[in-house]
Structures are given as C-alpha cells and as structure tokens.
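Input: structures, listed below.
You will see two complexes here that share subunit A, one where it goes with subunit B and one where it goes with subunit C.
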Partner chain A sequence: MPAAEPVGLPATAISAPDEAASDLQGAALAAPAPAAVAQPAVAAWLRLLRSEMRLMLSRRRNQAGLGVLAAIPIVMAIAVKIADPSNQHQGESFLASIVGNGFFVALAALVVEIGLFLPLAIAMLSGDAVAGEAQIGTLRGLLVVPVPRTRLLATKYVALVLGSFLGVLVVAVAGLVAGGALFGLHPVATLSGTTLALPVALWRLLLVVLYVTAFLAALSALGLFVSTLTEQPLGATVAVALISTTMWILDSIPQLGWLHPWLLVDKQVALADMLRDPIYWPTMRLGLLTDLAYVVVFLLAAWARFADKDVSG
Partner chain B sequence: MTPALATAGLTKRFGAQTAVDGIDLDVPAGAVYGFLGPNGSGKTTTIRMALGLIRPTAGTVTLLGRPMPGDLGEVLPRVGALVEGPAFHPYLSGRANLERLDAADRFADPRTARRRIDAALDRVGLLHAAAKRYRAYSLGMRQRLGIAAALLMPREMLVLDEPTNGLDPQGTREVRQLIASLGAEGVTILVSSHLLSEVEQICTHLGVMRTGTLVAQGRADELRASRQATVRLATPDVAAAAGVMERMGLSDVATADQSVTAVLGDVASEDVVAALVGAGVAVRELVVNRARLEDLFIELTGEGFDAGR
Partner chain C sequence: MARVTGLIKRHPALRWVAPTAAVAVAAAVAVATTAAARADDHPVLPAVTAEQLLTDTMSTTTQSLSGTAKVTANLGLPQIPGISGAVSGTGVVPGGAASLAAGSSSASPALTGLTTLLTGSHTLRVWADGPQRSRVAIITDGGESDVIRNGTDLWLWQSAGKQALHATLPATSAADKAKQLTPAEQQQLQKVLGQLPSTPQQAAQQLLAAAGTSTDVSVGATTRVAGHPAYQLVATPKDKGTLVSRIVVAIDSTTYVPLKTDVYSTQLSAPAVSVGFTDVSFTAPSADTFTFTPPAGTTVQQWTAPTGTPEKPSGTTGTKPDVAVTGTGWATVVVAHLPAGSPVAGLSEGTANGKGAGALGMLPAVSGSWGSGHALTGTLFSAIVTTDGRVAIGAVPVETLESALAHAGTGQ
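Then we have the complex of A and B:
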C-alpha cells in the first residue's frame, strides 16, 4: 500500500490534534481506496508462517515443553552414568550401548520419547492451532483480516510440522551433547556388525530425526482435524494424546496383529533400521506410506470440516 | 448509489431458535449506521454473517457491492472489523498482537507495518501501553486495541460491534469522537450498541433489532420526525390559545393552569406562533417537544429485560 498510510493522530480529547496531520489522515482514509495492492504471494505467506512460528515459540508453555523434551536424554545419560557398571544389562538395546558411546543417548532418547512425550507435544500444539484460537476468539480476527480458511489451515499445518521437526531435533541434539559429555562420541557400531565413522553416523541420526518428524507430521494432521472439531483446546489435546497412546497400546497386543498395519505407530520403532549397514528400508518405507496416508486423510477431513464451519466463538 | 452493506431475507437459525429472522439491512455508502437492539436481539449474529464468519440459513449479503461470502477475499481487505468484543493472545503485547494480524494480511506491506501499527495504536490512545502484555490490559484498553486492529489499513468500511462496551465515560466519548471523525472522512461505519444514547449523536442512520427482526430502519432524522412532536405553550390566555390551536388542526389540545399542550402533527411550529400572536394571545414560552429517539427505541424494543431468549 504505497501512499496510503494513515498518519498517527490520537483522536482523544486530551491531546490537541495537529491540523496538518489531521488533513493527511483524512485523505488517507477517505480515499476511494487506492486499489489495494496484494503483496507477492510467497512473501506474504512466509510472513504469516513466521508470525505463526513466533506465536508458537514465544509461548512459555511451549518453551517449557521443549525443555522437558531436552531433559529426557540428559536424565537418561546421567542415570546410566551413575548406575552400577556391573549392573549394566547387556543386549541389543540402544540404552545398553550408551556406556560405550554417547551417540546412543540420542537414539535411546528418541525411542523413549516417541511413545509419549513427542506425541504429547504435538497434542498440545495442535490443540492450540485451531481450537485454541477459536476459544480466545482470535480465530475470527484472523478470518476477517481476511485469511482465507484454506490458507490458514495450511499455515497452521506447516507450523505444526516445523514444530515437530524442532522438537525431535532438540531431543537428538540434547542426546548428543549429554552423551558426548558423559561418554564421548565414537564411531558407531551398526546392528549389522560394521562400524560407521562418526560423521556418517551423524547423517544417519539426521535421517532418524526426519523419519520421526514424518510420524509426528502424520499425527499433526490428525491433531489439526481434531482441533477443528471443538473450541476446547484442552479437549483436543487430550483426545490426540489418547488416540496416540491407544495406538501404542493396541500395537503392543500381538493378538491384534491384523490391526497393526493400520496403526500410525506400528512402523515407528523401525527407525533402528537406519543403523543397519546398509540402511534397511522396507519397513520404514511402509512406515512413511502410512504417515502419508494419515496426512492426506486427516488434512482433507480438517479442510472439509473447517471450510464452512461457523466461527461463533 | 450502491449500499455499502445490504442483506436480503437474511436468516440464521441455531437449532430451533431463529436468531436472525429475514432481515433486509440497508447501510448506504458513507453512512454512520447505528445498529441497535437489546442483548440477544441478533446484532452480532447478523454481523458475523455479513463478514462471512457464519453461514446464513437463508438470504443473501452484499458487502461493498460484492456477494458474501463468495467474494470474501476481495471484499474484506477493504473492511475493518471488531466482532463481539476484542480477542487477542493474552501473553503477547498489544503491539505483537497487531503485528500478528498485520502479518496475516496479504495486502499489508511489511515495510510500513511498524508505522501503521503505531498510527493505529496512537489513534486509539494506546501507544503508551503498546509493549504491555494483553492480559494486563484493562477492559477499556482491550476494547481500544480491538478498534486499533480495525484501523491497521485504510478502510472503506468499518464494522464495530459494541466498541464502547466496558469503556468509561471519557473513553466512550473518545470512541464516539473517533467514529465521528472517521465518518467525516467518508468511511462507512456500522456500529452496534444496545444503548441508543451512546451512538445517537453520531449516527446518520439507524436500524433497530428486536428478537431477530429489524423493527425500524432509516435516516436518523426521519426516524426522529416520524415521532409525533408535541407543543407546550405557556400563556395566561389559555382558552383563546386552545381555540387557535384547534382551528389550526392541532390534535389532543389540553389546557391546564397557564399552559396549553397539543400534538403538532404536520403543522409548523412557527405558523402556530404567528397565528397565536395574530389572535392576540400572549405567548410567554413555546416549546416543541420532538420525542427523543430513546422513547422510540424503548417503544420498539420493549422495556426492561424481556429481550433475552
């Protein structure tokens, strides 16, 4: 909007208005609207996304949540460190490998947090996304700006995915730092018996982070849909957390084997396949396909629900 | 001239309840339109439909000449709105909240954001509290921030739902002045209120809602004139004065000690004075009482707390 700046002027009785400014302002507002100029589409959308991320990250509760995510690997590393060495159980698990290599703190922490902490974080964020804004009424403010509903939903979703990535990354990095500090970082022994140089292993860890992010992105789509159903963010959060936890429970019951392929969580532990040499993809490929199916289905559902929902909060 | 906002048969039902019942709103371009009605009469519901927040059960909305919600994307950038009171993120400052809304606007130039936000805050007298968290704002400050949000961009129309809600008398006066000055600049303004006295002085047009229906609408002066004006004359010549008035066609002429009252009807008050003087009646004082709009309002909407459903 060039040339059409309302010039500041308090309309209060207290401060005497300045005549010149007043005229200018009149011109600006009365103007038979200088045909509104839309900003470049991509830049405008990025600006909205940035604002969305800032909103997410400036919230104390979310900062505390990130802190909790980061604390888990630290606690795990310390616990292993102070545990009686003779008591270390041997085995395939990442936890058992920590003593020999701090690198495994990151992996062990991801495996632990994928079951509850990370899904809980997504549940909270997706509760805020639509239901939260509906509850405090800011949703109607955005819609009358206007932000087209599809665009708003898309922005909310991308923000959730970025938030997911950040959460997983924080766990991995905190794991590396804590593990490195207490046990040192060394070349990594793969599950196939070979050894990966540390830089290669770090790339593998990044792939693990992305794989877990894909899982959370699918959960975010589900969360976004739930968030459009209610004006109670807490309700949406609890629902998403329950759904996720229930899926983990169902997945652990062997008698329900027929159901497992349909569960979002079923292929997630396959992230360990990233530490084979070469990487063993088949299970993870199925996992990614499941993620994709959940994303498509629930984004469509969210859109169908939100596109002409009455916003009367 | 095309109206800024026109609705036809606009209806909204919530389950069994009809919150808005077939109203034909007509807000002319350039008007300051007072949208009145008691609590629960359907003002906010109407405004929500006009802005595309909720779908009408029946009827159409034309905003700035374009159908809503079909052309929402083209129309709403030209409209600033405050719906159902202010709503902001409690843990962000006033300025950060406005920044967020500005960032959401495809038509807002980020390079001028700071200037426009400051101007809007300044205009509602909130610049000094811009850095304060919204949760620490008083009710009046929140209301002001809501108005500032509507002023972030130059607008052709403003829709302000109860903008004076929760403001102290001084704040109410300031908002009234702000609306009046915006109106004088040519911005069409729809301002809702359940208090006629709050908006009466600044409105060129009025619409009155009662339990979902629009019971009166039109130019404020015409609505005022539609009321029977009465005249009260103070005179020692009561009988003679009453005779003159009856002959001129005034109705309901009533005499009392030293005074006569009558309903003026179509007769001009200056003609009455001339006739009285011509007939030698001593005119001590003549008061024309155009019924206050307040009475009309109460008459239309019913008194007391019977409006809620």
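Then we have the complex of A and C:
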C-alpha cells in the first residue's frame, strides 16, 4: 500500500537532502550520451525519477505533511462520532451522510482538504523542487552533469504529480479506514437516490481521487514555474499557497462571475458529480480541460525560465 | 529542428514564445467554443409551413430520449427566502468547499428543489421512454432533486435531507375511463370525440385556427440546438397590451421533437424563460433508469390520489366564485376574491399571519381609485393583491391590472 510507504522508510539523517541529491547526481552521471539507444535512456530516466521520489519521500517535513493530510479525515470521523446525535443537521452534504456510512468520511475529507491542505502540500513540494535545490546548492551540481535541463525539469514535474496522487490517496484511504472503523462501510446512496454496491462506490472514489490529482497536477505545474523564479524555497511555497487561496476566494465572489471559468479551482468541487447516477461528466470535463490548459502553459513557462536560469551556488 | 534549437540558444528570450502561444491558444479555444455555442447558426433545411411543422411535431414517433437541458428563468420575481435558499453558492474555500461538505445549516423544507427552477439558471438531466416512463433530475451544487415516473409510480426525490415522496397515479387509459361512465355520458363522450381532430394534421389546423384570432404563428429562421438542426416555430401575440413579446419553439428537423422553448418578454432582450437541451440523443435509456428504490435512511412520504369525482366544496360562504375576467386573448386579466382565511386575506389589518403576508409586504405598494395593495411586477406576468382581499393577475403590465381592478370594482 503506497500510503504506508513513507512511514515504512528508514529514518534518514538530517542531511538526507544532500545525500539523496548526490544520489541523484550519481544517477545522472550514469545516464548514457544522447546518441545511445532508447532503452538505456528510459532506464536512466527512471533512475533519475526514482532518486527524485526518494528525495521527496525522505524529507521529514514531507512525511509530517502526509501525516497531517491523513489526520484530517480521522479527526472528522471522531468529531462526528462523539457529536450529539440530536445535533446532526440534515444538510445536503457528505458530512451529514457520515453517520450512516463511513464511506463518506473519505469524500468529506477530500472536499475539505482540497481548499487548503492539499494545495499547501503542493506548494511545499514545488518550493523544494527547484528553488530548494538552488538554495542548498545541489541544483548546480545537478546541472553540471550531462542531463539536459528539460529532462531534469520533466522528471521533477512527474515526481510532483506522483506526490500529488500519493497525498490524495492518503486522504482517501485514511478516510475509509477511519470511517470504516467508526461507522462501518455500507452500500453508498448517490445524490440521485440510487444505491451503489461498495465495490462500485470504491471505484467511484478512485475516480474522485484521480480528478483531485489532476487539479493538483495543474497546481504543481504552476508551482514548478514559481519555483524556477526564485532561490528562496519558502518564498515559492508562500507564493503558490497565496495564488491557490486567492483563486478560491475570487471564485466565491459572485460579482466576478466572468472570471470564474478561467480560475483553476472553479470546477473542482464538481467532484460531487461523481456521486450522481449515472456520473454527470460535463462540469468535470471542463475542469479537466482547465487543468490541462494550466499544465501546458505553466510547464512551458517553467521550461522557458529554467533553461536560461543563472544557477549560482 | 536543429536550426530552431540553435536560434533558441542564441536568443534565450525566444523560449517565452512557447508559453505565450499556449496562453493564446487556450484563450482562443475557450472563447471560440463559447462563441460557437452562442453564434447564430442557420443550417439550410427544406422550407416548411407552420401547419406542416405542427403536424409533424404532433405525429412524431420519437418518444425516447436522454439528454441534458438548461432552464433559465428571469420572471422578475423578488428574492423570497425559501425559494432561492436551496441553491447553495458555488464552492468556495475554505467557506465554499466546506459548505459543500457541511451543507446549509438551515433544514430544507421538503422538496424545495423543484421550486428552485423559478429563479436563475439550472441544469436538468432528462430521460424519457414513451409517455409512461420518464426521469428528470435537477442538478444543484452538491445536491439533486429527481422526479421519476414509471407507469403509475411517481417518485419525488431530494438528496438534501434524503427525502422522498411516492404517489400512485390512477391508470389513465381512455378505455378504463370510458368503462366507468354511464350510457348517457358515453354518448356525450362519443359526440365530443367526433369533434376532436382524428389526425395530427387536423389538430394542427384546429390549433392554428384557434390561435389565429389572437396570435400570429409563423416559421422563423432555422437554428441549431444541441448540435441538431432545427426549425423554429414563432408565436407572436397580436395584442400589444401583453408582456409576452413572442414564444419561439425550436423543433428538431429529423425527429420533430421540440428541443427548446424561449418565451420573450417585452421588458427584456434575452428570453424571460428558456428551456432547452444542451445535449440530447434519441435512444431509449436503459430500463433501470426509471426504477427507484429509496436508499436506506430516506424519509418517505406516501401520497394517494383522491379517488372518485372531486366533491364540490360545501363549506364556502359565497354562492358563486367571485372571479371577473376582463380583456381578451393575451391581455386577459383575472380578478378574484381571495377566500377568507387565506394567508394574504388579512393583509389590510396589517396582521402578518404566515409567510405569505411577510413576503407580500416586501413588494412595492400601489394604490389608485380601486383601493390599495401590493404589486408584483414580473417580466411575463404581473399581479396585484389588494388590501380588501382581491387579487388581479395577467400577462400584462401593472397599469392594466389597476384599470381592470377599477373596472371590476364598479361592476359589482
């Protein structure tokens, strides 16, 4: 189970980033010349990705971040469990459905965390990606080895997307475990009034996880670009978190209706459409197209910036 | 390729062309798709007359469809709490997404979902298979209201608070009805049936003849609805005293299924009411679309249709209903006395009994030789509720209602 992976890793020393970074250099040095055949090139790229992932997962604060992400659904489940049953309001919400079915803990937690916690996690990861390495000087070392900057950037982006997926999956799995333990897992009532068997509902939950991951992948592209602009990882992190939060605020102002379709966050709560029967795709389709547009624009911008960035260190 | 790489190496700033172009492409695609949906597209179709079009529409054999429709209503109704309350705002975080997770704190009254259609813009999902089986789902943020009909079973479902209402409809086949009639009534029925149009074409002719005195019915420019080329039937009231400017019905050019209806007001350039498919296919939905079993934990209300002939209200004080009709056709105004004890009847005493009086109080006050009251100025219809318990309503401006009230007042 990927969710448990970071916890299962041996505790690394405080100097873990540098060690892992030198590991990355080793992987890069092992990469063959561009003239080599495709197979070793792919293998070399996978090595690069693997060391990038190891670097990401071995950081203490990332492990702590995953813990925080997993804590939210657990706290929510416990809060609902100990709340006065007579105080349960009958809103049109996932939270109100938790009492009857632990499955909804996962959904409610995702909806809650999509606004701040998950974007914050992406802001942290993307701050580290380029600006962080530039600050501690390992980026310079990476760049002297014969790995094209474009490939390095692509690897870092893929690592961010995998990290996003892991984060969302941790929330969903923690929600299922906490909800299942406290309320039990039962067939799921959709918004349309039909009932889904548990395996079908879990499949829908996976689709929700992928939909949220697509949003975070778009935010990661934006974060990667911001990360190439500075050598202060904290500055990049704060900037990405601010941009994300600002978009959520702008999206809540009805007077700015003309702006909403252009905001990355506008279609994200449409994940509730996954719980209709049959699934209602149009809004989510627009959401995915918006994600795609942000990915293309900001990856190209990151590439344009990173390619001629002066790396000191 | 090598030349491009070389060029970029010499002028690194040129790399910025790529993201800039991506922004331009994304914006252009977004704007173009929106514009294409809005553009006046007039596909070339064989010319038809209004009568042909009506005939074909009435004789359409297509009875199965599934699709998505958009309903927009701008009736000029005031924002009454409880009517618009069920539509929660779009997701906002932390507020918005949290509101989706937590729902609105106020308990929603049963099945308010349906009344949300009266204001603003909503998305419906529609499935139909013959006249006996249909399902309409009203999509709201994080919620849904469904109306499902399967034969004699009618279900209303609302996801907010998990509420359902089940009704068993009387079997409505004409043969069943006829069996219950006395011989004299059956003779009467035969006579009426003889006058009824026996073909869609006759029906179309009768409809046009009936409408002809008050309405111009014509075939407008062709259009495209949900990708389907469509004819447009335009009904224009001859009477200029009405608030209704025209009614446009778009009819699919191959199946003759009505795809869109726009009702225009003289007060607005955009339709006051618009109901149309944004996506539609004419294939039969699967049978389980129409089966409904309330999920566990649902509050189910049973509603039984009254059987037998409806009894005449016995306890009413008036001998004849106090309803006066003035004007004709589209400019018809109905003036009626509200029954005593209705929530708005005690308005003159200033007793705000019930929600209706409270809402009425928010409407602007009007007065004239006919008395005084509160007026609702809508885009398609107006209404005045007077302090002496009369109500005037019609698809006309408030001024016409006032003169009708004055007229009805002198007539008594």
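Everything below uses one rule, namely that the second predicted complex is superposed on the first by the 274 of 313 C-alpha atoms of A that agree within 3 Å, B and C clash if a C-alpha of one lies under 4 Å from a C-alpha of the other, contacts with A are read in each partner's own complex, and residues count from 1 in each chain.
As a working rule, a residue touches a chain if its C-beta (ideal position, glycine included) is under 8 Å from a C-beta of that chain, and two chains touch if they have at least 3 such contacts.
Because the structure is predicted, anything quoted here is derived from the model rather than measured.
*Asks:* Based on the superposed arrangement, let me know which partner A:192 touches: subunit B (first), subunit C (second), both, or neither?
*Replies:* Only subunit C; A:192 stays clear of subunit B.
*Asks:* In the superposed arrangement, does A:58 touch subunit B (first), subunit C (second), both or neither?
*Replies:* The answer is first: A:58 touches subunit B but not subunit C.
*Asks:* Given the touch rule stated above, what does A:141 touch, subunit B (first), subunit C (second), both, or neither?
*Replies:* A:141 sits against subunit B, while subunit C stays out of touch.
*Asks:* Using the superposition on chain A described above, determine whether A:296 touches subunit B (first), subunit C (second), both, or neither.
*Replies:* second
*Asks:* In the superposed arrangement, which partner chain does A:116 touch: subunit B (first), subunit C (second), both, or neither?
*Replies:* In the superposed model, A:116 contacts subunit C only, not subunit B.
*Asks:* Is A:308 touching anything from subunit B or subunit C once the two structures are fitted on A? First, second, both or neither.
*Replies:* After superposing on A, A:308 lies in contact with both subunit B and subunit C.
*Asks:* For A:81, decide between first (touching subunit B), second (touching subunit C), both and neither.
*Replies:* neither
*Asks:* In the superposed arrangement, what residues of subunit A touch both subunit B and subunit C?
*Replies:* 308
*Asks:* Would you tell me which residues of subunit A are touching subunit B in their complex?
*Replies:* That would be residues 1-2, 4-14, 25-26, 28-34, 36-39, 41, 43-44, 47-48, 50-51, 54-55, 58-60, 136-138, 140-148, 308, 310-312 of subunit A.
*Asks:* Quick check: in the complex, which residue numbers of subunit B touch subunit A?
*Replies:* 45, 48, 51-55, 72-73, 76-79, 81, 83-85, 87-92, 96, 99-101, 103-110, 112, 115-116, 118-120, 122-125, 127, 149, 151, 153-156, 170, 173-174, 177-178, 181-182, 184-187
*Asks:* In their shared complex, at which residues does subunit C touch subunit A?
*Replies:* Listed in rising order, the residues are 8, 12, 15-16, 18-19, 22-23, 26, 30, 68, 88-98, 100-105, 107-108, 125, 137, 139-144, 146, 155, 157, 159-162, 164, 279, 292-298.
*Asks:* Spell out the part of subunit A that touches subunit C in their complex, as residue ranges.
*Replies:* Residue positions touching the partner: 89-96, 100, 108, 111-112, 114-116, 186-187, 189-195, 245, 248-249, 251-252, 254, 260-262, 265-266, 268-269, 272-273, 276, 280, 282, 293, 296-298, 300-301, 303-304, 307-308.
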